[in-house]
């Protein structure tokens, strides 16, 4: 599938999505509320994006960006979906019902960035201890004891 | 049919087990295959690869001279803050002021032997030594000063 | 202020009637590290497995945000320490891609040879450790004997046995050792003569086969959905070898087969790895005599600055697909770096694979997943 | 020619000359107990070292080689270490059972020593139901293991003990049937009779196929009964950390460890007695010269040689095979070993009735 075909397909489902082709792969910028619609379409439609190979979050100090890397084992092309979140109340729909791998990756993002994943089956801390305060991968995280400034 | 399968099952199983036993038995009666290195006893013959990254050292020649200019390239290259270069200003016989190292402090306990400092050094003043017996009873002994006392920079190194 | 998330704590609940909740790990002989599994048992049968991670989480991603592009490569050796060379390669490839650095052919060849040696070493260790999980102690030592030859080669050429840090952006840290080719060839001969040993001791052993066949089955759809990669996915019939799909370095110039099994059980995963070792040997044999002469490192600037943007590289480590995702703002340090580690995704499938089987099967399943805990925790 | 028989007779005469009958009995008991304890200690030291050396050589290693020449005193050092260690009792453990369990396991080993003939006329108690006595007492060891597993208040221990219970109870059956097929040939349960019946050849050779089959089954079954790999599910290091003795430390752990090796020695001694003629030298038909030569080797050496050969075999198994799964373990017993041994017993009976054996 070419990028054009994917663009057409996405525009058909989600007219408001904006595209960016400067990087290696096609970037799709969407609103967080539209994620579930787009994800379902990507998974079930002709794009057949059955492989979510990377799920992460980037802290831009003003907002958080969820970054999803999708790929298809059928067409072998990859796309990147991004959604900007409010930094104070970050919340987005979970994808763990569509891609099972999202469950662990979302739990990691939840504790590292504090993003709430709605309808996640088991949203608990995975790596940090339960009493841990703060979100370590955010840029403003400070830990005077364990972080050594060189 | 059932009996035949049953018997062939048992037969194949037993032969596969016997094959394994033959292999281990072969090693049992061939002590020459033993590969154990008796470490503290073979110190004399134990030779590590020349490139083995054991610790950072500063080679000095017979006149107690090194080639470190105190440019702090290694300090900047180090990811862990292992190296600290303390510089001083020396006056040469001609009366010129010249930057030289006072001490190159190397903290072995922080070092990950990544070789980045050696790669960064413009005058090949430091290198990795193939030593590995680093254990000491006191942690402070791991902080070393690499330049020898009274050493000075070699002529002609800028 | 951000609202701290309420964590639901339920420490009093220790399973329902007839259930036994066992903490496997963080100190347990079969978890090969500090993996903590909370296993709910019904007699000998596993009902649920819940991994608790983070016992050796060093926050490498946060650490890398304060390291320059030259410096951060060495940290990645500590992620998946069994394929540290391939981790380094992934990072170097990303920087080279982002900055359009030319890498000399010689460096490419050596990188691939060392990657494949690393893969063999990793699989050798896995083979021994997995046999040990199933109660056979001896193959461990035989596997380590061959692995020792590889680590000796690494020591000669890279100066370290495990965390090499031999790759720098643009090529290699220094040239290969003069004896490199001779030693690699000696290793290949030795390895080929000893392969039958593993067959006698492990592969054909009736106990081993009955312990692994039909155990921990993962279907192809589930493997993709769980994001499994590497030998785990290939054993389920998913073609996912990055070396074949998106060739990097000189993988497009060598002939090798992507090993695919379809059964999806522990034995298939075992066979994939054993066959992969042979394929790696095949790759090395094609390259070892043809290492071109020339520079071992390309021309690079002293201070590396990745242009503003996002970069992603994928490399095939011994455990699967390693993704390196860097968001750069144009400075000397990355703004955000994410390592998509293969073990993390593979582990997430463990509950699905092992639930409903016996405790003994858990060891076979976990053993064939080939988990390296620092790789999962990062 | 050195013989233990003469030694016992000498002591007996000396006792008879100097003491009254009650005193003689008491003194005999004391001597036997002292000998048994010494034997235990020595066997423990020797067998642990042997296991480590065998394992090492199979695994292309050297094994213990630091304490004493060739590592000879390694186990002595280990024992010293274990004696000096603190014996911890877990909180909420059943203290009485927890402390009792290692002794129960040891006691079973001690009781089993009674009917074993170590050399010609060198036996503690030649009771007329020797084999029956052995099979009944040896099944008691499961009680000790269950006690240990239950009393530890540890989930791993409990799982290990339960596994061990299922395992020992099932494998008792095929071990019993294997022994029974030899009893069918000899027609006596007394150990002396069984050994004497092998004067012109060991049962392994005389008894045709059934004896060989029952020998194989016996070896498998006793490996399982003593919880040795590939049947070490009760300990299953990679699954249950250390199984039923997870919580034991110090001397109590040492007792479990010792009991394991004593049990191996005893079952191998029984195997040697039943199938390989005990202390009886190797005799082949009418080769008079050869038989005379064989008679020259002391009977105790014959016995120990055979026993240690079997012990080596069991160690060889351990360091070669992977462990079975718990359901496969029971499958092996109930679907393979038990039917085969039942059929084998029938065959042995037919052969014994028609007198087809040599």
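Just so it is clear, A, B, C and D label the chains in written order, and each chain counts residues from 1 on its own.
Keep in mind that, in the parts below, contacts are C-beta pairs under 8 Å (C-beta built on N, C-alpha and C of every residue); 3 or more make two chains touch, one makes a residue touch a chain.
Quick caveat: nothing in here was measured; it's all calculated off a predicted structure.
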Self-check item: Set of chains whose contacts include both chain B and chain A
Solution: C
Quiz prompt | More contacts between chains, B-C or B-D | solution = B-C
Quiz prompt | Interchain centroid distance [CA atoms averaged], chain B/chain D, Å | solution = 51
Quiz prompt | Inter-centroid spacing, chain C versus chain B (mean Cα positions, whole Å) | solution = 25
Quiz item: Which whole number of Å gives the spacing of the CA centres of chain C and chain D?
Solution: 45
Quiz item: Distance from the CA centroid of chain A to that of chain D, rounded to the nearest Å?
Solution: 63
Self-check item: Contacts with two or more other chains, residues of chain D listed in rising order
Solution: 58-61, 319-321
Quiz item: What positions in chain A touch 2 or more of the other chains?
Solution: 150
Quiz prompt | Where chain C touches two or more other chains at once, by residue number | solution = 138, 145, 201, 205, 207
Self-check item: List of chain A residues in touch with chain C within their complex
Solution: 22-25, 50-54, 56, 58-59, 67, 69, 73, 76, 80, 88-89, 99-101, 103-105, 108, 110, 114, 116, 124-130, 133, 135-137, 141, 150
Self-check item: chain B contact footprint on chain D (complex, rising order)
Solution: 54, 57-62, 65, 316-317, 319-321, 336
Practice problem: Using the touch rule from the top, collect the residues of chain B that touch chain C in their complex. | Solution: 12-13, 16-17, 19-20, 22-24, 35, 48-49, 51-53, 77-79, 112-116, 119, 128
Self-check item: Complex contacts: residues of chain D adjacent to chain C
Solution: 55, 58-61, 155-156, 159, 163, 229-230, 232-233, 236-241, 319-328
Quiz item: Residues of chain B touching chain D in their complex?
Solution: 10, 17, 20-21, 23-25, 27-28, 31, 33-36, 38
